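Here's a structure for you.
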Amino acid sequence: MTELCYDLAHLAHIELLTPKLEESARFFIDVMGMSETTRQGDSIYLRGWDDYEHHSLKLTQSPKPGLGHYAFRASSPQALQRRVAAIGKSGWGKGWSDGDLGHGPAYCFTDPDGHNMEVYYETEWYVAPPELKPALKNQSSRFPDHGVGLRRLDHINILASDVRATRVFMENVLGCRLTEQIVFDDGSEKASWVTVCNKTYDVAISEDAYGAKGRLHHFTYAVDNREDILRAADICLEHGVFIESGPHKHAVQQTFFLYVYEPGGNRFEIATAGARLLLAPDWKPIVWTQAERQKGQAWGMKTIESFHKRGTPPVEDE
Amino acid sequence: MTELCYDLAHLAHIELLTPKLEESARFFIDVMGMSETTRQGDSIYLRGWDDYEHHSLKLTQSPKPGLGHYAFRASSPQALQRRVAAIGKSGWGKGWSDGDLGHGPAYCFTDPDGHNMEVYYETEWYVAPPELKPALKNQSSRFPDHGVGLRRLDHINILASDVRATRVFMENVLGCRLTEQIVFDDGSEKASWVTVCNKTYDVAISEDAYGAKGRLHHFTYAVDNREDILRAADICLEHGVFIESGPHKHAVQQTFFLYVYEPGGNRFEIATAGARLLLAPDWKPIVWTQAERQKGQAWGMKTIESFHKRGTPPVEDE
Amino acid sequence: MTELCYDLAHLAHIELLTPKLEESARFFIDVMGMSETTRQGDSIYLRGWDDYEHHSLKLTQSPKPGLGHYAFRASSPQALQRRVAAIGKSGWGKGWSDGDLGHGPAYCFTDPDGHNMEVYYETEWYVAPPELKPALKNQSSRFPDHGVGLRRLDHINILASDVRATRVFMENVLGCRLTEQIVFDDGSEKASWVTVCNKTYDVAISEDAYGAKGRLHHFTYAVDNREDILRAADICLEHGVFIESGPHKHAVQQTFFLYVYEPGGNRFEIATAGARLLLAPDWKPIVWTQAERQKGQAWGMKTIESFHKRGTPPVEDE
Amino acid sequence: MTELCYDLAHLAHIELLTPKLEESARFFIDVMGMSETTRQGDSIYLRGWDDYEHHSLKLTQSPKPGLGHYAFRASSPQALQRRVAAIGKSGWGKGWSDGDLGHGPAYCFTDPDGHNMEVYYETEWYVAPPELKPALKNQSSRFPDHGVGLRRLDHINILASDVRATRVFMENVLGCRLTEQIVFDDGSEKASWVTVCNKTYDVAISEDAYGAKGRLHHFTYAVDNREDILRAADICLEHGVFIESGPHKHAVQQTFFLYVYEPGGNRFEIATAGARLLLAPDWKPIVWTQAERQKGQAWGMKTIESFHKRGTPPVEDE
């Protein structure tokens, strides 16, 4: 029996492209309650109150919204070398970068759909300045008294023109585990969820309705309780933030969610998984059928049309 | 740099000794909302609604309350062999058992304090009977409409005459990671928390106030939200269940908790960690000082005296 | 300035007609967590755990679902006499009945749309049998350890062919206060909410999409927290209860809600108002416009079509 | 049968004395999420996000903490006249004041223990400035995105040297209803809770452990859900606010609570009653015995000593 791969420790950060850098920053800081670590060039670096690294979100000014890149932290220097070797062998490698603010050398690559990715090990542990020093020393920074209060980066959901190809890459080259997927009656793989740790997913891959490549569906931060999501909806309502869907509970993965659009046009999710974890080392992927997907979300809400189609950057026929 | 050990997948089950088998079973089934998988001899096998194995709690009739044994599931057959070799080498091994209802061969051993433990890989995935079939197929069985509704086994807290010795064994022999600990001004290690996965602890080891060996402080099941704990307190109140402490929030590990005594006399905890996970591969253990511990729990509640002393089985001078 | 009328103390009970008496009873008892006080003839009498009277819900076997009648308790014997006089004068009175199990003589009448109503003062305070005796003596009976755990009757929503006529009757004859309403651009009154106490509504009156008379839209029990509604959705999901809409938050009245169909076909709501109360004696009714209503619910969910149309008993063109 | 008195609509505002005016204001605004309506002289006027009047809390600079006065709003001009007549007749009247910012003429008086009180009818409805304009027009102002987010004033708890005398005054002169009380074995009335509306209490009267007169135990604002209280505790922890007790649930009145000290030294409570209301017009007061009180709070937490003794202003032997 092949042993599981533990080389990637966790989803580490996302670079989000936004045509409205300052407005996006104000949304994530004022409304969502994130804190700004630093700014450099066209980028602003942000983190949730319990993210332990320098940043988990990098906002970068760009003509169009979308994904800049996303990154995993490796479990060790050795694990990093193993994954770099595997990626190189796969032919999707692009080479090393010197790193970025907050982390060391990163190996850059793309998945078969063209999403920019990287993996690194060396990182800078966040040290809270006095005004963000937490009362309890086992958390990264102060629990915020304003905004939604995002705890930590949870997952990313990319769109892919070929879900299967990207999912197989994530499994075979990166060592991810497939936990759930949607497969239609004609055998087409509509979406797949993969993980590198005990979270039930770090990356979701959904079919791009336009067959476009390299697009972003959404990315997600975790809060602790379902009530935090309800409060987030109240706060978004008052701030005029567009709520696309929720609060509700997904059937797939059972995440309790709220989807909104940040000012740059990207879809953003606030979610909680409760105490749900992937603990079994021999988990058999759950396969949802076409009929099951058409039932809508867990409590019967029909999935809104835009959720099936919209991604960033926008494509011409949208 | 030494790589982390992933050989143990998760805390798998606990055998609890109880002088009142039927009453303990009624407590865990009716009040806590667990389901009974089967009975055999003097034992009743129970599980939370999202535990994927045959059982996570085995109640066994015994003259005194306390811990029978507790078990880890290994990550693979190879991982099992590696841990068995390491335990054997440590001198604490006892040899193989044929396993039990629901799981295959288990290697038995003790920690240096004498707690009975075992590790196994082969297991029987739970298949819900029709009346417990869940509406969503990505959960193990129905979300219960009665009782507290424990989701899954979370952790165990043992008492040890020598915390350090047991903690070092957990680290060096089993491959656990130390995440937090309490160390007094005289250097004595009062409590340590270790994990084998992304939960921030699977096992807590506290100093036995009586210097006794092999005793149990409590064990814990997880629910999804803090509100579930508050509702659990209301249910316990109505059922006349003795509430020792809580609902409140621990400073150490920040768990939101409720401690009660089950009818057999063992302490039992219902808890939620929210979205808190140990994701960093290079986490540096948090060390709490004597002064910090004396501050009480997170929101200032003084820790109740019995919490520092009482364990099962009871010792003479209690 | 005319003083407010306090003659009606509160909405007291609802008689619900159901073609499936036993199934409806099982729904309200097993799934919703109500308790059965007694049975007599074709009726079963139920109550929420903190309803202080003999019953707040009377289920009666009937060929079709719908409303049997609904009742207010008067604030005093004198208040009862005043309201009886006013109703008699309005021409809608039907005369006295001897009362029912649990309450004394009731004066029967209809509103202009034909809904059967009654008002009474004498009542039988519920005394919990030993197995339902609460741990805290300031509540009517035990907090249930099963089902949703409905606390108390909250409100009723009737359908009327002429909303204005019924609303004016509620105000002028019964002494209700109008708190919110929906008035379309053409001046038509689509819905009105009235109260007799500090709740912001006891009765909602919505336009019947079919112009039918005397129909029921839904009735509602209160729970304490929003999380209770989310848990109710999980329980309904497992029990195969049809969820029409929610959990979500209404814009009008801001109630956090879940709408389901009970087995007899009637719509039923579980809701919480949080700490929202009508305290101002000079509250000015909130008037929602056509455009505002079309925005959907508070967080943007479009109101489902069936919610605008379906009532009980069903009408031919449904 | 005597009819209930509805002359007082609700508890309207509290004037709180504080030796640290600015710090107290910062606490209520920044940490508790209240908004400031205006400042005048040595006073700052504040309100919760759904308080409909100009203010519900007036902070006034003073050498010592304590209660300035507290006020009821009458149900109508006629009701005001009736209560003024009754108070005058009781001998506790002090005469009319011209009112204050936000309300019209007020009749001033004391209870037999010397607490300053007033009653008025004319009031100024709060109109939110653009930046506090709510998204939903049926609430007074924006749901705050910072701090605890107090919804509305809930109740006040005064200390009295003679609980019975003050309680009888509240009942006979003001028309309050007694809902619960604690009476010791020797017949002494230790605490009483009275209401003027459907809340189960607007004023609590507790025995002053020092026999002092006119002191304040605490006052309370309501939030919507229990989870809001838990979040409040987290926020207080981060702000270094002293938490005296809670979160926990009272046995008496079953309020879910958190007690803290504001910077001026006064005790302050954040609480929620859930869906609990006093609806019965013939409610029989619940009488708690000495033994019942000694059981502690609902879930067994022993009441902290300071809670039984401390009041403001402090007395010499504290």
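Each chain gets a letter, A, B, C and D, in the order it is written, and its residues are counted from 1.
FYI, a contact is a pair of C-beta atoms (placed from the backbone, for glycine too) under 8 Å apart; a residue touches a chain by one contact, two chains touch by 3 or more.
Predicted model only: the values in this text are computed from it and were never measured.
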Chains in simultaneous contact with chain B and chain D: A, C
Joint neighbours of chain D and chain C, given as chain labels: A, B
Same vs different contact residues, chain A with chain B, by half of numbers used: same
Chain A-chain D separation of Cα centroids, rounded to whole Å: 46
Whole-Å gap separating chain A and chain B, where each centre is the average of the chain's CA atoms: 31
Interface hub residues of chain C, defined as touching at least two other chains: 136, 225-227, 234, 237, 298
Chain B to chain C touching residues, read off their complex: 30-31, 134-136, 142-143, 145-147, 225, 227-228, 231, 234-235, 237-240
Chain B to chain A touching residues, read off their complex: 1, 3-4, 6, 9-10, 50, 52, 73-79, 125, 136-139, 151-152, 154, 180, 197-199, 222-227, 251-254, 272-277, 279-281, 286, 288, 298
Residues of chain C touching chain A in the complex: 225-227, 230, 233-234, 236-237, 242-244, 246-249, 256, 298-301
